[in-house]
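Please go over the structures that come below.
In what follows, subunit A forms one complex with subunit B and a second complex with subunit C.
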Partner chain A sequence: MPVSFIVQMAVSGALMGLVYALIAYGFQLTYATSKSLNFGQGELVMVSAFVTLSIMGTGLPYGVVVLLGLLFGAALGLVVERTGVRLALEQKSEGWILLTIIIGLFLFSFAENVWGRDDRPFPTPIPADPIHVLGVDVTGLELSVAAGVLAVMALVEAFKRLTLLGKAFEAVSADRDAGELMGISATRTVMLSYGLSGAVAALAGILVSPITTVGPTMASALVLKAFSVAAVALKKTGFGVVVVGLLLGALESLASFYVGSGWREAPGLLLRLLALAVRPTGVFGKAVIRKV
Partner chain B sequence: MKRLLALLALCLAPAALAADTIKIALTGPYSGGSAPMGVSARDGSKLAIAEINAAGGIDVGGKKLKIEIIERDDEAKNDRGALIAQELASMPDLSGVIGSVNTGVVMAGDKYFQEKGITKIICPAAGSKSMTQWATPDGPKQLSIFRFAAHDGIQAAMVVEEAINRKLLKVALIHDDTNYGVSGRDDLLAQIDKQGKKLQVLTVEKFKIGDKDMTAQLLKAKAMGAQAILIWGIGPELAAVSNGMAKIGLKVPLIGGWTLSMSNYIDNAGQNANGTLMPQTFIELPISPRAKAFIDAYHKAYGVTRIPSPVSAAQGYDAVLIFAAAVRQARSTDSLKIRDALEDLKEPVKGVIATWRKPYSKWDPANVETHEAFRREQVVMGMVMDGRVVFGSEADKQRLAKEQQ
Partner chain C sequence: MLKRLLLVRGAEVALFLALAALPLAVTSPYALGLLTLLAIYGILLIGLDVTVGYLGQVNLAQAAFLGLGAYAAGVMVTRYGAGIPLALFVAGGVATAVGALLALPALRLEGPQFALATLSFTALTTTALNELEWLTNGAQGLSLKLPPLLGHALSKREFYWLCMLGFAAVWLAMRNLLSSRWGRAFEALRDSPIATDAMGVGTYRHKVAGFAFGSGLGGLAGGLYALNFEYLQPHGFQYELTVILLLGVVLGGRKSLWGAFVGATLVALLPNLLSNRTLFLAFSAAGLAVAVVAGARGLLRRTLRPFQALSPVVATGALVAGGLAVQNTEDWRKAIFALMLFSVVVGLPEGLMGFAGQALARLFRVAPPPLPPPAPLDEVLPARRPDGSPLLVLTGLKRWFGGVRAVDGLDLTVRAGHVHGLIGPNGSGKSTVINVVSGLYAPTEGDMTLRGAPMPRGSLFQAARVGGARTFQNLQLFSGMTALENVMVALHGAYRVPLPLVCLGLGRAEERRAQAAALALLDFVGLLDQARTPARDLTYGAQRFLEIARALARRPEILVLDEPAAGLAHPDVVKQVELIRRIRERGVTVVLIEHHMDVVTQLCDVVTALDGGRKIAEGTPDEVKRHPKVIEAYLGAVEAAPAAG
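Up next, the complex of A and B:
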C-alpha cells in the first residue's frame, strides 16, 4: 500500500473531522460560560444553512449572503438562550436540557414544512475540482472548510484573550459568581456565548453544505460526532476540539480502510467510551467542588 | 307508502350515483425523500385517467363510466401505509389501487387488500419481497396483488451484463447498509455467479446513510485497480460517491440500480454524474410519437421542463392503461372480476413504455413472474448526461423507437 494513499485517507478524514470540531466548538462556547449546551445545535446548523440558501436565491453576492447567514445564526442562538436556557439557569434547574431539545424538534418540523424534506444542492463559488497538493488530492471545498474553521476559531480565541468583553467572557467561564461580584453581567456574557455559538453553527452549516447538501437531517449524524469530540476535548480553548476532531476524522477514514467500511464508526464510539471511563466528570459531570 | 318509497329512493340516490364511476385509489409517498417517485407516478397516473375521462370514460358492459380518483399520501411511513390500506380496503365500491414506492409500506398494507379482494398494482417501485411474501406453499391460491416495476433481479442482471459487455472485468462493489443496499449487493453477487463469474469482485465496501466522505472505500477500489464501481444505494450518498471518485481521480464507470436516475443524485453530483449507467424503464426523450405526446402532456399539465422521475411517471401512466383495459374486459367495476381480467388480458395495451401483451397470467405461487409485468426487454440502460438521463446505447434507442411506431 503506497504511503500516499494512507496520507490521502488521513487528510480526507481529518478535513471532515474539522467540521465535527467546529460544531463541537459551538457546544464548548456555551458550556464554558453557563455549564449548559444547546441540544438543538444540529438543527441550528441545518436551519441556518436553509436560510442562507434562501437568501442566496435573491441573487446577493456570496460574501453578503454568508454574512447574513452568520447574523441569522447568531440571532437564532440568542433566541435559544432567551427561550430555552435563561430561566432554567436562573432557577439553577436542568430545564434547559428538555427546552433545547424541544426547540430543536420545533426547528426540525419548521424546516420540513417550509423547505420540504428533500436534500438540495448548495451552490458555492468555491470550485469543487480536485487540487493536487504534495501528493494528496483535496478539493477546494475541503480546503475552504479547513480555512473557515481555523480562521473563525482563531478569531474567537483572539477575541476572548485580547478584548475587554472577551476577558469578561473568560471571567464568567472561570467563576460565574466571582465575575458577578466584579461587576460583570453573567446574563449578558451567557447571551454573548449563545450568540457566538449560533454564528459558529451557521458557519458550520454554510461550509459543510456544498459537501453534504442541505436537508432537514443533514446535521443529525454530524452533531453526534461533534458531541463526542466536545465531550472528549473538554478544554476551555478551541484547540482541544480541533486536535480531537482531526484525530477522530482521520481515525474513521483509516478504520474504514483497514478494518472494513462497516467499522467506520467504531473509533468514535471507542473514543466516547474512553472519555466516560477515564474522565467520568465529562460534560455532564457535577463532581466539580463548589465552594459555598 | 308512496312517500316513504320516494324518501327511500332519495336516500339510496347517492349510492346509486357512486356506482356510476370507477373508483381507483392512488397511493404513495407524496412528501419526503421518496416523493420524486411517488409524485411522478401519481401525476403520470392522473394524466392517463384525465385522457380516459376526456374520451368519455371506460365502456363497462355497454355503459360509459368515468374514473374517480381517491388519493392518499403514505409519507413513506409503514404505519401510515397500513392505516390507508385498512381504510381503502373497507370501501365497498373500490375497484382497485395503484401505487406504493417503499417496500416497508407494501409489507404493512397489502395484506388488507388481499384479504378483501381489492386488486392492487404496485407501481412504480418496491423491493422483491413485496411479491415473494405471497409465494409460499401455504400462501393464497388467488392473489389480488400485481407488480408493475422492473424488479431488482432484472436490474442486477443488467448491471452485471453491462460491465461484462464493456469489458470491465475487475469491479469494486459498494452499497449502503440499508435493506435495499444489502439485498442489492446479494442480487449483484448472485448475478455475477449466474453469468459465468466473468467479473472479478476485488472488494465489497459499504457506507451508511448520511456518510459524506467515501475516500477510504474508493481509494481501496483504486488501489486494487477497479475498472468499474457497481453500486446499490439511495440519493445523496450516491452523489457523495460520485464526487469522491472525481476527487481522487478514479475515472471509471459507475453502474448501479435505477436510483441513480433520481434528481437528488443527478443534481448533487453535477458534472461528476456524467456517464453514470443505470437500468431504466423509460427515458424522457421523444423517440416516438407516443413518447413525445406523453412527455409534452406531462410538461404542460404540471408546468415542468423535466419530469422528477420519468420512470415513475411512465409506469404510473401505463399501469392505469392496463387497469382500464382490465375493467373494459371484465365489463364490471368489481375488483375480483378485474383481477381475473388482469390475469388474462386479451387485447394488447399500447402504453408509453411498451405495447403490453398479456402482462400478467394466473397466479402461481411457484413463479412470482406470473404477477410481474416487466421482463428484461422492457428495460434499457440509461446514462446521465448533463443533468438528464439519456440512452446508454444507441441500439436500445433504435429498438424502442421502432417498436413504438
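Up next, the complex of A and C:
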C-alpha cells in the first residue's frame, strides 16, 4: 500500500470532515445563546437541499438559487425555534429535546413523500475534475466545500465580533440574565442564533449534496458525526470544530477502508462515547462550579 | 382502607383478568398476535418509563436494548439450544449489563448530552448487529424456533399467556419498587440532586441502577419479541422504533404503570390504525375535538399559554386534513407520529393517564392508608454522651476558585457536643468552609479529619456516609414530596431489605417502621400535623424546620446548619433556638453559620470569626463580639481612632 494512497484517502476524508464541522458549528451557535440545539438539524440540512434542488429547476442563476436556499434554511430554523424550543425555554425545561426530535421526524416524512425516497443527483456548475495539488488529487467540488465552510464560518465569527448585534449575541451567550438587564432581548437573540444555524445547515446541505446526492436519509449520519465533532471540540468558536472535523473525516475514511465500509460510522460514535467518559463536565461547555 | 383496596387494586386485578381471558373469546391468530405484542410493549415501556418518567431524561436507547435482548435470546436458542427460561434470563441479563456499562459514563451527563449518548448507542448497536455477521447473521436476519417449555410445545395462545404473566410480574415488581425507598430516591434526585447526595442516598448510583433496570426490562421484552416472531433483522431496532416508544410513554403518561399500558396498546395498534382510513379519520377527529375543548378551556381559565392551546389544535387539524387529502396514510406514518407526539407533548404534558388520573382522584377521593404512631425518639435519634474531645479538625484548609482565595489556610477544631458558631461578613468564606467540609467542593489544600479519621474529599455522598449532615442556605428540599417522604429519603440505616426482595413486595414491614421513625423526627421539630403536606406547600419557616428534621434523619455526629434563621419571622427564630438547644442535648455536635448575633450569643459554646478566608478571632461569643479585628471586619477600620476610654 503506497503512502500516497493513504494520504489521498485521509485528505478526501478530511475535506468531508469540514461538512461535519459546519453542522457542528450550527449546533454551537444555538447552544451558546440558549443551551439548546436542534436534534432534527439533519432533516433541516436535507429539506433545505431538496428545496434548493427544486428552486434550481426553475432555471434561476446558481448564485440566486444558493441564496434562496440559505434563506429557506434560516426560515426553517426560525420555525424550529418557535414551535420546538421557545416554550420549553420559557418553562426552563428540557422539553426541546423531544420537540426538536419530533419536528425532525415530521420533516423527514414530509421529504420522503414529497420528493420520494430515492437519492437524486444535485447539479452544480463547479467542475468535478481532479486537480493535482502537492501530490494529492482533489476535486473542485471538494475544494468548494472547504472554501464555503471556512468562508461562512469566518463571516459569522466576524459578525459576532465586529457588529453591535453580534456583540449582543455574545453577551446573551455569556449570561442571559445579565444581557436582558442590559436591554438585549434574549428571545430575539435566540431567534437570531436559530436563524443563523438554519442558514448554516442549508449551506452544509448545498455543499455536500453534489458529492453525496440528495435523499431523505442523506443527513442522519452526517448529524451524528457533527454531534461527535461538537462534543470533542473544546472551544466555543469555529476553530475547534474545524480541527476536530478534519481529524474525524480522515479517521473515518481510513477506518472504512481498513475495517470495512459498514463500520464507517463507528469512529464518530466511539469518539462521542469516549469524549463523554473522559470529559463528563460538559460536552459543549466548561466545568461549572455548583452553587447551593 | 377497604375502598382503597377495591378501587386501586381491584382495577389492576380486573385488567389482568380481562387480558388473560381475552384469547378465550378472540381466536383469530392476528388478534392474538396483537395482544402478545401489547404485553411485550408493556414490559418495554415500563422499562423506558424508568428513565423517561422517573429519572426525567430523554432516553433514545430503548429500541437498542430491545434489539440486544432479542438477539441475545435468538443466539442462545439457535446456537446453544437454550430453553425459554434460560434465553429470557440471558436476554435480560445482557441488556442489564450493557445498560449499566452505558450508564456509567452517560449518566454523569444531563439532558441533551444524555440524549445524544443514547442516540449514539442506538446507532452503534444497529451497526454492530449488522456487521457482526458471524454472530447475528447480519442483514440477512436470524431465524429461530420457539423451544418447548419444560417439554411442552407452546401454542400461540399459551405463549401469549406467558407474555402476559411476564407483564403482570413486571407491573407488580415495579409497583413495589416505586413505593419503596427506590421510588423515593428517584423522585428526590429529580427534585434536588445535591440534597440527594448530601443525604447519603447517592444520586449517581441510583441513576445508574435505574437505567440498568429499565434496560434490563427492555432486554426481557426483546427476548419475548424474538421468541414470538422467530425472525430478527437489525433494522427493526432503529431510531424510528425508539421514537415510537417515546410516543407510547409520553402519550400514555409518564410515571404511571397504567400510562405504560395505554401507551403499549397504542403502539401495538398503531399499524392497524394507519392502514384503515376510516378508523384513522375517526381517531384524529376525536383528537381534534379533545384539543379544541382542552385548548379553549385552558385559554379561558388562563392555565395554558396561547401557543400551548393553539398548536395542538393545528397539529390534530393537520391530521384530519391530511387523512382526507392523502391516499395512503401508511406512507405518512412518521409524520403522523410526529403530529400526535407534538400535540401531546405541548398540550397534554402529563399524558392521557396523568390527565385521567387527576380526574379519577377528584371523583373518588381515596384516602391514603393511615400512618403508624411515631416511634420513640430514643430509637430514632439515640442520645450520645459527648466528651468534649476534638471531633472535626481542619488544618491549613484552602479552597481557591481560580485567583479567588475563598478559604485561605484555616485551622479549626470543633469539639464534640459543642454548638460551634461561624461568623463573618459576606464573602468571608463561611459558606465555602462548610461546602468543603460537607463534600460539595474538594479542598485545594489542607487536611480534614472527623474523630481522627480523614474526611472524604469532594463527595457530598461520602461525607454524608461518615456521619455529617447539613442544611442549605437556599433551601434544597424535595419540593414535590411530602414532609414525611422528605425525611424518609434521608433515614439512616432504616432500609436493609435488598432490591430483589423489595420487588417481590417484602419491604412493607420495613416501610412502616421507616414511617414511624420519620414521624418521630417530624414531631421533634414540630411538624407532625403536616406530615402529608407537600414540601412546596409548607410555609417558609416550616420548610426550614423540615430541612433540619431531614438532616437529623441521618443520625449525624455533626450537623452543619447554614444560616438556618435567615428570613425567619421572630416567633420562628425563638422556636428554632429552642430546637437547636434540644438537638445539642441529644449529644449532636452543631456547626452553625448565622448572621443573627443574638442567636449566636444564645446558642454557641465557641464562635470563630472569619474574614478573607482566614480566622481572625475565636472564643466565647462575648469575647469574639468585642474583638477589635471582628469589629473592624464588620464596620471597617476606624482611621486614627481615639484611645478608648
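One rule holds in what follows: the second predicted complex is superposed on the first by the 265 of 292 C-alpha atoms of A that agree within 3 Å, B and C clash if a C-alpha of one lies under 4 Å from a C-alpha of the other, contacts with A are read in each partner's own complex, and residues count from 1 in each chain.
As a convention for this text, contacts are C-beta pairs under 8 Å (C-beta built on N, C-alpha and C of every residue); 3 or more make two chains touch, one makes a residue touch a chain.
Here the structure is a predicted model, which is why all the values come from computation and not from measurement.
In the superposed model, A:Ile102 lies in contact with subunit C only, and not with subunit B. Shared-chain residue A:Thr217: touches subunit B; no touch with subunit C. In the superposition on chain A, contact is made by A:Asp118 with subunit B only, not with subunit C.
Of the two partner chains placed by the overlay, only subunit B lies in contact with A:Ser256; subunit C stays clear of it.
Shared-chain residue A:Thr83: touches subunit C; no touch with subunit B. When both complexes are overlaid on chain A, the residue A:Ser12 reaches subunit B alone and has no touch with subunit C. Once the two complexes are laid over each other on the shared chain, residue contacts for A:Gly135 go to neither subunit B nor subunit C.
Put simply, subunit A uses residues 220, 262, 265 to touch subunit B in one complex and subunit C in the other.
Per the touch definition, subunit A reaches subunit C in the complex via residues 36-37, 39, 83, 86-87, 90, 94-95, 97-99, 101-103, 105-106, 108-110, 112-113, 220, 224, 227-228, 231, 260, 262-263, 265-266, 269-270, 272-273, 276-277, 280, 282-283, 289-290, 292. Every residue of subunit B that touches subunit A in the complex is listed here, in rising order: 31-33, 35-36, 177, 205-208, 210-213, 215-217, 219-220, 223, 235-236, 239-240, 243, 246-249, 264, 267-268, 270. For subunit C in complex with subunit A, the residues that touch the partner chain are 58, 60, 104-106, 108-109, 111-113, 115-117, 119-121, 123-124, 127, 130-131, 194, 239, 243, 246, 250, 305, 307-308, 311, 331-339, 341-342, 345-346, 349, 401, 435, 440-441, 472-474, 476. Residues of subunit A that touch subunit B in their complex: 1-2, 5, 8-9, 12-13, 15-16, 116-121, 128-130, 137-139, 211-213, 215, 217, 220-221, 249, 252-254, 256-257, 261-262, 264-265.
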